[in-house]
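Below, each structure is written out as structure tokens.
Okay, so chain A shows up in both of these, paired with chain B first and chain C after.
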Partner chain A sequence: MERNIPLTVEFTGGLEMLFSNQRVHKISIPARDDRKEPSNVGFLIKHLCDNLMKDPRKEMFVIDDSIRPGVLVLINDADWELEGEDRYELQPNDNIVFVSTLHGG
Partner chain B sequence: MAPCEICTTNRAQILRPKTRSRVCGPCFTAAFEAEVAETITTTHLFQPGERVAIGASGGKDSTVLASVLQTLNIRHGWKLDLVLLSIDEGIQGYRDHSLEAVKRNSADLGLPLKIVSYEELYGWSMDQVVAQIGKKGNCTYCGVFRRQALDRGAAMLGVGHVVTGHNADDVAETVLMNLLRGDLPRLSRATSIVTSTPSASVNKDGGPNGAVSFTNVKRSKPLMYAYEKEIVLYAHHKKLDYFSTECIYSPEAFRGSARTLIKNLERIRPESILDIVQSGMDMAKLVPDTDDACKGSAETAQTEESAGGCGNANGTSKEGEMAAMERKLRENEQAEQDGTEHEVRLPAKAANGQRHDRDTTNLDIPIRTKERRGNRKAGRHAATPAQKLGQCERCGYLSSQAVCKACVLLEGLNKARPRTDIEVGGSGG
Partner chain C sequence: MPAAEPDETLEAQKARLEEQIRAKERQLQTLKANLLNLDQGIRNGSHAADEYKRYGRQLIMPTMGLQGQLRLKQAKVLVVGVGGLGCPAATYLAGAGVGTLGLMDGDVVELSNLHRQIAHSTDRVGMSKADSAYKSLRALLSYQCLSRLNPLVEYNLHKFHVSPENALAIFNSYDLILDCTDHPTSRYLISDACVLTGKTLVSASALKTEGQLIVLNDPPRPPGDLSGGPCYRCIFPKPPPAESVLSCGEGGILGPVVGTMGVLQALEAIKLLSRPRAEATPESMGNGTSDEPPKASMLMFSAYNNPQFRTARLRSRRSNCAVCSSTPSITKASLDSGSLDYVAFCGVAIPVNILPHSLRLSPTEFAILPNAARGTLIDVRDETQFAICAVPESVNVPWTGNAASWLAHAEEAGVLDDEDSACKYIVCRFGNDSQLAAKAIIDRSGGTTEKVKDIKGGFQSWREEVDPQWPDY
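Right after this comes the complex of A and B.
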């Protein structure tokens, strides 16, 4: 059996409200998803909703099982569009940032 | 992993929405700044040495605007005299936190900060308004008051130009909203980089010694071609300190459906946002009288301005409510003139107004409900076409109606204020 993958997950732009008002979370997730595939960002998002989110307003983060349009995802400080979006396979110590652009000031 | 398309060395970190080019962080921030500079120079937005107030909410857009303007001002030697101008709506637990962010920005950028409050301008904080009218509909008050507050704050500072952080997504949203409502005349203002121009017709109200009148403040939005995504990424890569939250009085109004549509379009085809902005600009050219509409009533721009405030569609969705309120107040007025209502009229929150008079040199700033003028004048104003630009007969603010929206709302609030409260206030003066 493979070990878990340690990750740093960060929520900003108002999303921290959904996650105990805490910006940075050090977590670890299973190295393989339910289908025994290597865990990717899509699996991480589901994991965060099921295990880390403390607020019922899930739709501020995820709509129809994918990231809400207007929420940016950065994988090791790069747009996730450049890294394969939700199919990016997570590596140990990756830094994943979720930034909402939807909140006003 | 593909390298940056500009420097061809660093790892690409940003997929730019309008060009789909892949660039690194440093090349991105440099390009973003260069594009804002180009917008400013090609539109001749600023005069050399001009005093400019940056409407600063502590949120991402105005934080980025302040940082970029300060950077460009130094880089290009524009000699702009920049100042941060913040509105304190008086919402405990919301604005007090974002004002802390503005104060930190002020220190970081080395720019002076002026904070003006609804309380000092209108005699009412939003917390007091909500205590009076409840949470429903309070965004209408907030939006109407905010529009004037920036102009009044700028006039207090003697600054004739206010820039706001409206971005391309905001403009595209407003274009869509106006299309959906069939309100084409408003497209011009939504898509103009300068939203209100000092008008010669109101210059007579300029104070002595060339002082700036609050009816004579130029408004512009230098970031109107910048994607919201890039504004957030600029803030991220420059590690800017901004505050993001929902207004505690409109948590459910997180974003309207037009905004959701914009973001869905962006996901499918990112160019859509600037294409909608461009379409709005092109359509505005086809609408008759757009020039008048552009220079016209500052007040009707409230819809557009509200996008930068509590970040929701309330300014537009509450139009019906606003109209109903005005109608009710006008009925009251009529009843009063007919002698069917006998109420002793007191100056709005007299104690507050007088304290304010002592503290400031520019006496024209706060709204105080003046004595009702003669019916003859009100009648003349009522007969003028709605779109014609005039001035509020009570406070002098630009208004298409005889009495501006802020004064209408204030009258309702002041009438409803418990009599004991007014007596306490009055005795203090």
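Right after this comes the complex of A and C.
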């Protein structure tokens, strides 16, 4: 009975501008990707680009199919590098945050 | 507790003896500290007695104590960038009794700084920021003794920007560095120099209503030593594209937001400097245990979000980091030789220049057009800026970052209706977006229309050439 995974996705540090100026999005994505593999964060990012992102400036979020430099991806408040990066398999109610680094001072 | 209980095991006796020794050692430390303080008191006249009173409120906390206060007094801290972050950070560090404070900034005070850069003032517009902050801090924290103003803090003023040529020599004479600058180029440089000189770095940034804070290279260990904390490059190996970097001048900033981040930097610095040397582990913000390599963490502040604060656990040192790994490409030698170009590394957002000369008009040329020839003036700044000031009868169609979506908005606003009749003039804040919008209309017409023109240099030039009363925000 695994059809969809409910997730909380957040955008901050200016990235929310690319997602209808909305910081928190409650979404649900298919539990399996196109190749019937369990959905991972890589699949989520593609899903966000295709479905959630209305702004045409894709390159502010993704460059060459990966997250652009200067954006941290947090999986339940941990850097995704601690969790297997884009290969992390999503669990119900995971909190995924995309943070653009700030430089002003 | 009795001296020795009859059925006490040897282990228990040993533990008790060890605890007694530790207690004596603590006592000895306190005595030594008192001695040191008296020595200083003798050297500085009435200074010491004054300091008990001045620092009393923080002195009586167990996390500080006399030991912590004396460590602060012996500490040398460099604040790189004396702006929105550096002003509050330096003020609280000076107030807390840090012994030596370096103030490094090559900029001068501007009017647009004053809403947030609280160590500067209106009468010091045009003065070096290092000088200006020094004047404020000295006035705030010096005391009158023997009819002479004695500074409690020793200040070093570095009235220039941090550069690959000067960073190592200057950082070497400090214990802790605060990155209070405002651009990726300086952030990478400062982090590299901290790794190469073995200094911990407290780095903060802010924009609009948000701020971020990371303590890096904590503990500071030589390149290749994985028991050291990660550096800026471990977390961000590649710089962000130059087009994605917004300055406070472009994006805006709330004073208390950047102030909060600067105060938090001072707080982290005080925690790092006052902690006993023995427990020099990343306990200030991180959560590393002794067995695994220390990880950094990032504190994120978002003024309009609930909750306002959250902390993210970040990674440990990167085994192939360009500066802190065992195979670094960035070394003292490469920094000293000036062969590292941080500006090229981070890239530069190139000013837009996409229209032929014939389709661009200076503000003066626009201003002398007869009213009938002015056609439609399309202002592509965002709504907030348009509401601050606008040319009468201009139409606001904010640039969306993309031709197709902007054209859709422009059509909705009705400014594209009279395609061939009236001329359209496009204006923005600096003269970049206006060219992109003009080009969008030209391309839509198949590249044929000559009736779309961009106003060169935007409202910035407009104010310089035509209307000095135009708000200089």
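In this section, the second predicted complex is superposed on the first by the 100 of 105 C-alpha atoms of A that agree within 3 Å, B and C clash if a C-alpha of one lies under 4 Å from a C-alpha of the other, contacts with A are read in each partner's own complex, and residues count from 1 in each chain.
Just so we're on the same page, a contact is a pair of C-beta atoms (placed from the backbone, for glycine too) under 8 Å apart; a residue touches a chain by one contact, two chains touch by 3 or more.
What you see is a predicted model, and the numbers here were worked out from it, not measured in a lab.
Considered on the superposed chain A, chain B and chain C are sterically incompatible, since they clash. Contacts of A:G42 after superposition: neither chain B nor chain C is touched.
In the superposed model, A:G13 lies in contact with both chain B and chain C.
More residues of chain A lie in touch with C than with the remaining chain of the pair chain B and chain C. By the touch criterion stated above, A:D55 is placed in contact with chain C alone, chain B being left untouched. In the superposed model, A:R23 makes contact with chain C only, not with chain B. Once chain A of one complex is fitted onto chain A of the other, the partner contacts of A:G70 extend to both chain B and chain C. Overlaying the two complexes on chain A leaves one chain C stretch of 114-122, 366-374 or 438-446 clashing with chain B, which is 114-122.
Chain A uses residues 12-14, 60, 68-70, 72, 74, 77-79, 81-82, 97, 99-105 to touch chain B in one structure and chain C in the other.
Residues 12-14, 17, 60, 68-70, 72, 74, 77-79, 81-82, 97, 99-105 of chain A are the ones that touch chain B when the two sit in their complex. Within the complex, the chain B residues that touch chain A are 1-2, 11-15, 22, 25, 57-63, 98, 101, 169, 228-229, 231-233, 236, 242-247, 254-255, 259-260, 263-264, 266-267, 308-312.
Chain contact summary for the complex, chain A toward chain C: residues 12-14, 23, 55-57, 59-60, 63, 68-72, 74, 77-79, 81-82, 97, 99-105. By the touch rule above, chain C contacts chain A in their complex via residues 81, 83-86, 179-184, 187, 204-208, 210-212, 235-241, 244-248, 251, 253, 258, 295, 298, 300, 302, 305, 310-315, 400-402, 404-405.
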